[in-house]
Each structure stands twice: as structure tokens, then as C-alpha cells.
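Next come two complexes built around subunit A: one with subunit B, the other with subunit C.
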Partner chain A sequence: MNAAEPNVLVKASHLSVRYGAKAAVDDVSFTIPKGRIVGLLGHNGAGKTTLMKAMVGLTQGEGELSVLGFQPRPQRAQLLEQACYIPDVAILPRWARVEDLISLMSGIHPRFSAERARSLLRRTSVGLRDKVKTLSKGMVVQAHLALVAAIDAKLMILDEPTLGLDVLSRKAFYEMLIDEWCDGERSVLISTHQVEEIESLLSDVLMLNEGKLVLSISLEDMEKRFVGVSHDAAVAEQIAAAHPLLRYRTGAGPSGNAAIFDGAPPEHVQALGQRIRPSLVDLFVALTRKPELDRTHF
Partner chain B sequence: MQTWDDRQPIYQQLADMLAAQLLDGDPLEGAAMPSVRALAGRYLLNPLTVNRALKALGDEGLLENRRGLGLFVMAGARERLRAAERNRFLHSEWPRLRERLRRLGISAQQLNWEER
Partner chain C sequence: MNKLLPLLRREWLQYRFGWALMVAVPLAITLLLLAFGEIQIGADDAARVGDKMPALLAVASMAGSAAVLFIIASFSSIIIVAGMARRDHSDRSIEFWLSLPATHSASLAAPLIVHLLLVPAAALLAGMAGGVLVSMVLLTRVVGFAEWFTLPWFDLMPAVLALAARLLAGLPLAILWLSPLIMLVVLLSAWFRSWSWVILGVGIGVGSQLLNRVFGQPLLSDVTLGLLMQARSALVHGGESLALQSTAGGEALGQVPTWALHDLGLALRELPSPLLAGGLLFAAGCFYLLVLWRERGAGAAG
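So, the complex of A and B:
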């Protein structure tokens, strides 16, 4: 680990990843301390998968990147002993039985505990004798998480882990992750499109837009920095004049209007409505809109 | 999944929800609270948020920390909660209710106090 910053698991400094002339990740800097659950948000093509790949040494970046004190590309083998990664294209071999996968993992990963994997699987409806091809999509993802969470690692990187799962499978997935893996020391980085659903799980958020990091903040600081005001349609013009980051509708009727401000707006503007907690999804929309769609600049 | 409103911090909403459960005797006085991780898993919340909610309940004298054992519901917690609820009803709900009864012209005699 980094001797100067023992609590920092990941540190990126002016990191870029280029595919030809295009920068998929463009000059990003951030840190991930211990014991955090970090959401990596961005539209398709924003660079989420590329960033995660760089973090586990699957692609080469420019700039500085340290993960658990290792340089991911040259020190990939050592890094992967202490970090787990479920890529967005993760598959388990269809012909294998779950118990075969446990034996396989025991053979290849020094920090994998077969006993722990079996105990995690008991939380699920997946049986040890089940073949992967007989499992539902939700059960496959649960089995995959049980296998990966049985690795005694410090960092877990999950790329769109719940894509295509129904709501109960998604809940079961996150429940296992929090209850069984997060212990206040380990950190998780999760990318997802289901922003509303994981907002309350997160301690921090990294927001990517076209390769650039547009926000890197703890949820606690986010609630202090960004101020939501719900207001009546009658005062919409006064609200707009105070230059909010985003105006949106929270419900039907004239009172269902809201605006998000970066920093507290002046008293007389706040007095026009009621202060609300800006949701992560609204902030995401505000910070990642395509400029050509941004009407507030007209 | 659990939904949280945007009027109050989430930890406050969780604290209110847990307090309502304590009032119903879940868990009973003297019994252990579920662990932070169990609550975080159940409500899909960040453990830091759960910690804040539990701390708020501790500050209200509802939970106590027994060293090495975790959090327990304090003796007298339900009575304290009931007193706070009673107070809230009398000072914030009752005036509104009384106002509504007046507007509708309903007298005390017209109200049926017995369950039928």
C-alpha cells in the first residue's frame, strides 16, 4: 500500500486512456479511500468500462494510476490477488457445476476460501450441484458474486453487475454485497445505469461524461454543496433568473417544479420554495447533458 | 425496494422508521438491535448512513452501546417514544385536526369514542 497515504486504495492522477485519437478516459484524477462504496456513473460510451479496465491492468493508460499500491499493467498478477473484478461481459462456463467452479477458484486464487463461498451460496437458491446452464440469469449473477466475494480482497470492481436482472435479484445482489463483503475496510466501485436504485448505497460518486470526470464527491458533501428547491410554477421565472444547474418536474400540478443549484442560492431565491435533497439522478442529468440539448444557455 | 423522500436526510428517515418499530416492540426493550450490516443490507443503505441513524437513536436515549456486544434497546425506550409521540400529536397534529373539526362543524358529542 501507499506508505504516504495508507487509507487510499486507488489513486489516479491525470489518467487518460486513448483508443487511437479518441480519449476514452480524458485526464481524470481521483482517489478511493478504504471502506467506501463508490458509484461510477456515466452514459454509454462515457468511459466507465475503460476506466475499470485500466484499474485492473487490462488496458494501458497515460498518467499515474496506483491501485492497492500497484501499477495495474506491469503488476497485474499481484494486484489481482487483492482486488476482485466482475467485468460487464462476465460469464461462467455453462457446462460447469457450481462446486466445480469452487474447486477451480481454490486452485487458482490464493486468497479464495471455498468454505466462505459455500456459506455465501447458502444465502441464495443456487445449489452446489447445479449446472450453470440450468440457473436463471439472477442466480448466475448471485453465484458469481458469491465466488468473487469469497476472495479476501481489499477492492471489488463491478461493471454493471445487475444489468438485465429483475428487481428482486438486484436487491438480493446488493444485500449480499453489503452484508457479506463490505466491512468498513474494503471498498467497492460499481458502475451502473440504475442510479436511483443504488444512490442510498453509495458513500461517494464519480461521474464521467465523454471521458471527463465531471464530479467526484462524497454523498455527504453532495448534499451540502447542491441545493434543491421545490417551487410553484408561479415563481418559475424568478427561479430561472438565479441560474440553477437544472430545472425539472417532480410531479404533476403547478407545485411539482424543482431546481438544483450548485451552492446555496441567495436567501430570497430559497424563500421562493422549499429546500429539498437533490437526487443523484437529477444531478446526473444536470451534469451530463449534451451541450446542444442545454436550453439554459440560449 | 425502499424509497426515501427528498424532504429529509435519509438517515433521519431511517431513524424515524426504526423508532416506529421500537414503539411496536420490535425489537423489545433489553433486546439487541440488528447489526449495522444487517440493517444496511435490509434497507440497501450505505453502512455510514445506518450508523448515523443509530447514533441519532442513541442520542435520544433509545439505544445503548454495550461494549463488545453492540447496541441494545434501552429500558423505558417505548415509554419515552410514546411520550414523544403524544407530545407531537398534541402540539402539531391536534391543532390541525381541531381546526378541521371546527370547519366541518363537528362537536365533541358527535364523535364516537367507543369502537363498535
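So, the complex of A and C:
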């Protein structure tokens, strides 16, 4: 961990990752303190996976990056002893039995508890003698989380861990994550497309757009900073004149239209409608689409 | 913490069923053939060895079983090793292995150690153990079941164990000699997948011809042939003299331990050579490129 900032688990400063001429991650700076659950949001190709790979030393970045006090690329093995990482869905080796994986991880991971893994697996429908290739995708993900959650780590990095799973499997995954791993001291960085489902779990959010970090904020601050105004179609022109970040149809309520502003809009604009809390999804759309787009016309 | 041991264990967990089959099937076939097939021993041969025939048959059974399993294990291991760089890509489990705190070099070294050294060695020992059973069936068919119990085991076992020890000691030496070729094929399979063998074969064949005909330089063919011959010598340096001793009758069994020690000495004496030094440097270079390939491949999916 950073000696100067003991509560900071991850610190990136002007971090860029390039594939040839293309910058997959472009000059991003952020910190992740202890005890936070951070959502990493971005469209496909925004650079989420690349950023996560850089954080666990699987790809080379430029700039400064410190994870748990380690430089990820040269100290990958040491870093992964204190951080755990689920890079994708259903990637456990198909030839293995679950108990084989427990045995292997006991040897490879110094902070892995086989007893805890078995205990976590008892919460699922996965048996110790089950072969991975006989499990459904949802069961493989559950087994993987049980294995990873049995690591006494400080940071968990999850890259689209529930992609393609049904709603029950996703719910079970997040329940196990929150109940069995998060303890107020450990941090989680999670990227997902199911933003609505995890919004209530998150404490912070990082938004990437075409490799650039467009937002790094706690949800608490986000509510203070971004203001939504629900309004009638009749006043749409006046709302547009105030240059909101995004105008969109809510599909609910009597007015059916809304706009998001960065900061409180002028009094006369607020008076045109009703102040609402913008959802993370709406804010994500607002910040990762071109501001001139008007989504009220589909 | 030593990460190599659990990585070695991974190989056991992944391949144990295949290894069991690799040992059990040839032994079972041999036993079935001996039990129900026709066994012919020439009258001249029988007369030449006289009453030593049961002992020689027992030694031949054990040595033959060991040799067969050793050869099968060595070939299957080389095939597995050749594909090891990409083996976890088909089920995408490479992502899982990369998420564990093991270094790239340890992850690549573990399968090499297991498949090139431990598996052939274990197959050899399993073959010798199975050979005891084979000798029992063979002797039952040829001279009667009771003869097996009257064998001079205190004379036989030193010969058998000396042969096994000679092969076991020669195995790492042979791998050292073959390492440039093995590592080259592993590296080629990382880059070119299943085309690696074709590229290696064509590369050496065409390269040798080209160097030989155009430049009058037989370096490539000499080096390749030299490595193969030295690998053979590392396992059995003076195979011909062993054969001569064996046919001389049962007395030769007592000389086997001395022969094995002497033969190993000859193989060790070949080690300090520019060919081996160059080959090891080449193999180390290939291994380094494999580590780089794994490192860079790890980030490629971003």
C-alpha cells in the first residue's frame, strides 16, 4: 500500500495503455480507497478490460500505477497474492473437479482458505466432486466466486463477472460477494453492463469513454452534483436552452421527459419541472454520448 | 512460497487418467497376448542359454515392459509438451491461470519438468513393476508357473535395477541434448499452432539442403543429427556391447550393474561439448521467448 496514503489501495496517475497507435486507456488518473465498491462503467471497447488487466499486471501501461503498493507489471505474482481477479465468465478449466481447483489454489495462493472455499460452496448448488464441464455457466461463476472469495485479499477486481447469466444467477453472485467478501475494509472494482442491478451496491463509480476517464466520483457526491429535471414536452425548448448534459424520455410519470444537468440548473429552469435524482444509467448515457445528441426523439 | 509444486500437481490432476491408461493398456495387451497367444522360442536359442532361460526371460520381460512404456510415455509427452503453450486457450482457462499469483516462467517450466522428466521416469518404473507380472505369465506359459518362484531374484534384481537406474540417469541427459529441438517446437506451436511440426520438419529439411548445396555447409543437418545421436547415447551409450553380453548367457546378468555404471560414465563424458552448450543457450532463448509470448498474450484480449 502507498505509505503516504495508507487508505489508498489503487492509485493511477496519467496512466495510458496503447495497442499500437490506439490508446485503449488514455491518460487516466484516479484512486480507490479502502472499503469501497467501485463500478467501472463504459461502452464496449471503452478500455475497461484493458484498465483492469493493467491493474493486475497483465498488460503494460505508461504513467504511474500502484496497486496495493505494488507496480503491477513487474510485481504481478506478489500483487496477485493480495488481490484477486475474475477476468471473465466461466473460465475455470473444464477438465478439473471443483475440489481439484481448491487443492490447486491452496498451493498457489498463500492467502487462500480451502475450508472457507468449501463453506462458501455449500451456499451454492455446486458439489466438490463436480467437474467444471458438467456445470452450467451460472454454477461455474458461483464456483469461481466461491474460490476467489476464499482469498483473504484486500482488493477484488471483477471484469463483467455476470455477463450472459440469468437474473437468478446474477442475484446469487452479488449476494455472495456482498455477504461473504465485503467487510468495509476490502475494496471491489467491478465492471458490468447491468448497471441498474448493481447501482445500489456501489459506493463509487468510474466512467470510461473511448479510453478517457470521464467521471470518477462517489455516488454520494454524484447525487449532489448532477441534477435531473422532469418536465413536460411543452417546455422542452426552454430546457434545451439551458444546455443540459442529456435530454431523454423517462417513460414514466406524467411528464415523460427529463434532462440532466451538471450542477444545479438556473432557478427558472428548475421551476419548469420537478427535480429528480438521475439514475446511474442516465448519467452514464449523458457522459458517454455526445452532448449535442437529443434522445427525446427515437 | 514455492509455486512450482502446485503447478506440477496441476499436471497430475489434469493428466492422471490418461497416464493410467497409457500404462494399463499396453500392459494389459501384452498380458493378454502372452496368456492366449502363441509363444515360440527357437531350439537353438533355448539350447544356447540352457537352464538360464527362465532368468533371461524374466529380465527380458521386465526390461521390455519398461522400455515399451518408457518409449510410449516419451512420445506422448513430447506431443503434449509441443502443444502446452496454447493448451489452456481452447477452454479460455488461460484467463484463470493468469489470475493466479504464479510467475509466467514457473507456469511454463512446470509442464516441461513433468512431461519431459517425471512422466517418462514414472512410466519406466511402472513398466518394470508391470514387467514382474509379465514375466510371471510368460514363464507360466513357457516353463511352468512354479519356475517363476524358483528364479534367482537376488541375481536378477541388481541387473534389472541397474538397467532402470541407467535409463533414469540418462533421461535428464537426453532431455538436455534434445532441449533445443523440443523448445523450438514448443515455441513454434505457440506462434503457429499445429503447424509447428510441419514447420520444424520442413525448416530443418529445406534449411539443411539449402546450406549444404548452396554454401557447401552441412552445419544444420550435422547439428540436428548430432543432437539426436547424443540423446540416444545419453540413454544407452554402448547398446551393442550390452546386446553381446546378454546373448552370452546368464553370466552376463551379473555384469549389468558394472556395465550400466560404465555406460553412464561414457554418456557423462560427452556433456562438456560446444554442441550441448550452444543447444542449451538456444533452448534458453526459446524459453525466454515463450515467457515473453505468454506475458504479451496475457494483455492481448484487452
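General observations
The rule is simple: the second predicted complex is superposed on the first by the 284 of 298 C-alpha atoms of A that agree within 3 Å, B and C clash if a C-alpha of one lies under 4 Å from a C-alpha of the other, contacts with A are read in each partner's own complex, and residues count from 1 in each chain.
Going forward, a residue touches a chain if its C-beta (ideal position, glycine included) is under 8 Å from a C-beta of that chain, and two chains touch if they have at least 3 such contacts.
Keep in mind that what you see is a predicted model, and the values were worked out from it rather than measured.
Applying the stated contact rule after C-alpha superposition, one finds that A:G107 touches subunit C and leaves subunit B untouched.
Of the two partner chains placed by the overlay, only subunit C lies in contact with A:V17; subunit B stays clear of it. Look at A:Y174: by the touch rule set out above, it reaches subunit B but stays clear of subunit C. Comparing subunit C and subunit B on the residues of subunit A they touch gives the larger count to C. Judged by the touch definition given at the top, the superposed model places A:A96 against subunit C, while subunit B stays out of reach. When the two complexes are overlaid on their common chain A, residue A:T50 makes contact with subunit C while staying clear of subunit B.
In the superposition on chain A, contact is made by A:Q60 with subunit C only, not with subunit B. With both structures placed on the common chain, the touch criterion links A:G228 to subunit B but leaves subunit C unconnected. Once the two complexes are laid over each other on the shared chain, residue contacts for A:E81 go to subunit C alone; subunit B is not touched.
Overlap of the subunit B and subunit C contact sets on subunit A: empty, with no shared residue. Subunit A contributes residues 17, 19, 24, 47, 49-50, 53-54, 56, 58-60, 76-81, 84-88, 90-96, 100, 103-110, 144 to its touches with subunit C in the complex. Residues 37, 167, 171, 174-176, 178-179, 182-184, 197-198, 200-203, 219-220, 223, 228, 230, 250, 274, 276-279 of subunit A are the ones that touch subunit B when the two sit in their complex.
Of all residues in subunit B, only 1-2, 4, 6-10, 37-38, 40-49 touch subunit A in the complex they form. By the touch rule above, subunit C contacts subunit A in their complex via residues 1, 3, 5-7, 9-10, 13-14, 88, 91-103, 298-299, 301-302.
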